[in-house]
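See the structures that follow.
Here chain A shows up in two complexes: once beside chain B, once beside chain C.
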Partner chain A sequence: MKLPIYASTGQKVWYYSFRVICGLIFFFLIAPILIIIPLSFNATDFFTFTPEMLRLQPEGYSLKHYQDFFTNSDWQNAMRNSLKIAPVATLIAVVLGTIAAIGLSQSHVPFRRAIMATLISPMIVPLIISATGMYFFYARLGNYMVGTIGMNADVVEYIKIVLAHAALGIPFVIITVTATLVSFDRSLTRAAASMGAGPVRTFFKVQMPLIIPGVISGGLFAFITSFDEVVVVMFVGSAKNKTLPWQMFTGLREQISPTILAVATILVVLSVILLVTLELLRRRSERLRGLSPG
Partner chain B sequence: MSQTQGTQPFVLFDNVQKSYDGITLVVKSFNLGIDKGEFITLLGPSGSGKTTCLMMLAGFETATHGDIFLDGRSINNIPPHKRGIGMVFQNYALFPHMTVAENLAFPLEVRGFSKAEREDKVRKVLDMVQMDKFGGRRPAQLSGGQQQRIALARALVFEPSLVLMDEPLGALDKQLREHMQFEIKHLHEKLGITVVYVTHDQSEALTMSDRIAVFNDGIVQQLAKPADLYERPTNAFVAQFIGENNKLKGRVKTLTGDTALVEFADGQQAEALAVNCKGVGQPTLCSIRPERVRIGSQASLYATEGQVIELIYLGDHIRCRMSVYGDDSFIVKIPNAGDGTMLSVGQTIKVGWDKNDCRALDA
Partner chain C sequence: MEQIQTPHGVPLKKQIARALFKQKVRALLLIAPLLIFILITFVIPITDMLLRSIDNSIVSDTLPQTTTVLETWDASTGELPDEAAFAALYHDLKQAIEQKNHTKLGTRLNYESSGMSSLFRKVGKDVSKMQEGISYKEQFIAADKLWGNLKTWTLLKVYSPKYTNGYFLAAIDMKKTADGAEMLPASERIYLNLFARTLFMSLVITGLCLVLGYPIAWLLANLPMRTSNLLMILVLLPFWTSLLVRTSAWKVLLQQQGVINDILVWLGVVSNTGRLELINNQFGTLVAMTHILLPFMILPLYSVMRTIPPAYMRAAKSLGATDWTAFWRVYFPQTIAGIGAGAILTFILAIGYYITPELVGGTQGTFISNRIAYHISSSLNWGLAAALGTILLTLVLVLYWVYDKIVGIDKVKLG
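Now for the complex of A and B:
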């Protein structure tokens, strides 16, 4: 927005200070994340910028922390666990959240608001409280599954974490899918029915392709929730199922190894790639649907 | 109503009622038989229950009471997707994520047609609505009129014997709407399909329909051919809703055969055709079409005096508002014949009409 020619002094002052404020907000949001990237190439084992680094000398930098991440079995285990838990938890959250959102958007469902509030409560209730509740709930359930049914303790533990993470992810899916459903034209499902399509075909061929952007971004939030989550997993899981955030937390508390910085950098890069890919996909699908000009 | 086969119409509404809240009836008692190949229009103001009736036939609403028969079978318990009825929606309801050709192929795909058959039928139906070059476009890249044609084509492509249309031309401009009216009419004649059409536009209904059911307040006020509806309305609502109309309030003095002697507000009396007046001493509303009123030397029968209040020049005719029988909103359409019949405001002139054109209706 350009400053109009008739702007008063006050407006001019605000015009420039507004830009300064915006710049500061961006700086405070992004600087803490960016600062870890050069630090992760640190040649020493401390969280500091060495004089060599500041002088930009090559000997001040190294990839040893990245090497540590890719060779250390603790980190590799944590990575594997995270990758085993997050996608499955996301899948469950997406399926259940989408179905719930579609159901709750029908006007004839009784107590819609109450049900909606209950389903999104994991997002509102402080995590430590959810985690405590889940601990007691899943302890009983786990004991039953291992003791009475005789299931493998490791498998039970995995199921417990996946279910707990799915419950945390569902609110995000419900919110994003509900938002896309607002713009979904109900007469399209009627049109499909008038042409002979049953409810299942109508859902997959007509409704799903149109609400997919909401489903995907909900899934992305659910994935990140599970991938970043440290509190619930510490309550519900055991050391065998240590996830990446848990390992980072341990690393910070016990050894303050700069490997954490390397991991953080990798995660930041991965997140950026993920978001950019999704945005490109979303634009492509919008263009295909003719919603925005090519 | 009996359910004897063969004599039963193609579509039959048998005493259908609908209530959304269990208290007020949106559709009070709907009886309608539609023959094969007929073009029926449900006409009425918004909230009159016409769309609800259409939705019940399509299966998107369930009847609270009564039965709907299609081809001799009760369809109350058949879900919409198994009824095989084509439908054109008010907002077209084209699938935005599919191309025009994919939209048209959708009902064929559902019915398990092969790819070659689908392509063949899609091409034919695109030809039929003169959109053969648009198969690869998406609905968002089409104008309103083009989307309308595609919606029409999509409802016809699987060759249903019954097609429902819910105010399909409502969003088009006047010229395009009139053009599409003729096109739909011609398609109906060519394909021999049965059409149930919903609209609130009376001229649209008169142009297109074989028969029109005028709805108000949840009941059918009159079911008749367009000409009958205009010429011989059976109650005050229909007379008022279809076309322009003069309404003279009066009271029935005597009733002999089909002739009622009506006394008007200013004490004058005139004879009218008794259509729907309740009896001697009861209030009545006399309806006369503005174009049926004769003035001056042409006014022979049932003549009275009228005073000109306002004259509006409209080119092909002149609208004249006058005071007749104490009613100041009496309109007369005077054709602009160029014979120099010039009126002036304030002038008192003889006004008359044929007895049969003055219809005594319910008040």
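Now for the complex of A and C:
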């Protein structure tokens, strides 16, 4: 990739202008995300840099938007709802998804393509269509559970959202776990079996430790899908179950308050943590497969 | 020929078939819980919703006798149906008013012809005042002139069947009449334009993503591993950042009092009074969605480009090709698969987008999804929403099928 010493002037010009173009595209990708971080410390309620901020005076900065986020009951409720829904939805998606992925990776599976297509469909169908479909169906299911079985209405609302989010997260688990299983050495399970381990023991002691990076990264995808999801939850849930993205969506649509920038910054930090975790998992998985990058 | 047998005396062929069958059953048992889960929580709800696009049982359920009588009536004669139809209507409505279903029917018919909703709301009072023994026809027409209008009855007859293609026709700006389907007057057409706009803008977004993503993917694939891994973070961080965070970033940046306008004013490109309108229009949607979907273009391109040996380009050049010829004749054709995968993926995601157009698109930058959401939650014309959804879904599934042919669904890579 280095510029050869015999490069002509034209090649040199192109080489450097290409770098500049790429730099600008990278800037386009990352700048909008980074710019909200300093803006979230704005001492005023404006969405732009005040002269004080540009002069780097401490009066220009404050934590008041963060304070608002942590004291405002709307935002706190939304945060709590998000944290209540996403982990449970993820758990369902991971457990069912991993078992099914193991089934799918067997050598003889009838109707494999059709099954795979069905299981991945929640990722393909546009969210608005999933949302409207679920809206009608879950409304009836909810009425049935409240009316006929006599369950608590709040619990039913919660179950509806969790089930819907689990369905949306499943394709990601399936894809990551089947990808990990492709490189899984089947002779290991046979070796375990030949030494007298039952299928359950083989699974937990031999197979699981090896595919765990794929399972966790699938889980992270499922988690972020649920945590970030707003269309389905708006249709299936009720105002009581407002999640963080939903609260942001209403905030952005109605009166945009600078607290959104503080929330956005917190979420950016969260995604950095996720990104680092995934990278570490990828390295571990490569090491386990003996493909260490060195 | 003698059969090979296992030590237990079973033919080997049979034994293998048995083992294979066992394996298949085990695989299916492992898959079954999830498959059932997805079918119940996802596939059935969606199918159920799609069926609403042809369901029209409300007319014949609310007015069973009337629709039966109307079967023999010919609208083209230009005469109103006879007394029997009016009598049937009276009895049907009496029943419907008791169950409070008549306003629902009015709402349904109002989608096809405005005025129906108020007509049916009013009829609740009218019917209770009607007396038996006097001609119902006269009483109905006296109560509201619309009952004496041929159009009202044609509408009832056209929408008598249990299933209708009326919603689909409405979704492509057509209308059902007594003599078949016809286009709406040009001033009332909205959906064909909206579909065209959705497709056009998705294409532009896909094109922009390709133009911006190609150089980045190339750079990432050709830099030394350490540098490219570092730069990859710049692609993956937006990918992992919440969609709403990115949309709010654009909303903040593109505002009239936002950062971009401030910079332009400071640079003197625009005057303080002439700040540009960058948001709540098509421009806003294009910029924000290109930013959001760009990683989906870069990642497939990158994974294809990484497998192309750099020696090919050097070989082309050593044989006398210029930089451009080497790129265009040798490198580019090998990346077509990546372009196909990235473009279809971006396009599929773009045409179904809802959140971003809703927040930054204003009225001119919205997509078909926004219209579907409007019909579900505001206008409550669910049949039309279902018909629009079915068309959108069909489009997506066709593209998905193409994607499967090019890339294969099980080869989708994440992260």
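Simple rule for what comes next: the second predicted complex is superposed on the first by the 253 of 294 C-alpha atoms of A that agree within 3 Å, B and C clash if a C-alpha of one lies under 4 Å from a C-alpha of the other, contacts with A are read in each partner's own complex, and residues count from 1 in each chain.
Convention: contacts are C-beta pairs under 8 Å (C-beta built on N, C-alpha and C of every residue); 3 or more make two chains touch, one makes a residue touch a chain.
These numbers were taken from a predicted model, which means no experiment stands behind them.
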Superposition on chain A - do chain B and chain C clash or fit: clash
Partner chain in contact with A:Pro58 - chain B first, chain C second, else both or neither: neither
Partner chain in contact with A:Gly198 - chain B first, chain C second, else both or neither: first
Partner chain(s) touched by A:Leu188 [first = chain B, second = chain C, both, neither]: first
Which of chain B and chain C A:Thr48 touches, first, second, both or neither: second
In the superposition, chain B vs chain C on chain A residues touched: C
Partner chain(s) touched by A:Pro209 [first = chain B, second = chain C, both, neither]: first
Chain B clash site on chain C (candidates 8-16, 152-160, 224-232 or 260-268): 8-16
Of chain A, residues touching chain C in the complex: 1, 11, 14, 18, 21-22, 25-26, 28-30, 32-33, 35-36, 39, 46-49, 96-97, 99-100, 102-104, 106-110, 115-122, 124-138, 163-164, 166-167, 170, 172, 174-176, 178-179, 217, 221, 224, 227-228, 230-231, 235, 245, 248-249, 252-253, 256, 260-261, 264, 267-268, 271-272, 274-275, 278, 282, 293
Touching residues on chain C, where the partner in the complex is chain A: 20, 23-24, 26-31, 33-35, 37-39, 41-50, 52, 212, 215-216, 219, 222-225, 231, 233-238, 240-253, 255, 257-259, 262, 291, 294-295, 323, 348, 351-355, 358-359, 369, 372-373, 376-377, 382, 385-386, 389, 392-393, 396-397, 400, 404, 409-410, 412-415
Complex contact set, residues of chain A against chain B: 185, 187-188, 190-199, 201-202, 205-206, 209-210, 288-291
Residue ranges of chain B touching chain A (in the complex, touch as defined): 58-60, 79-82, 84-87, 89-91, 93-97, 106-107, 110-111, 138-141, 154-155, 158, 164
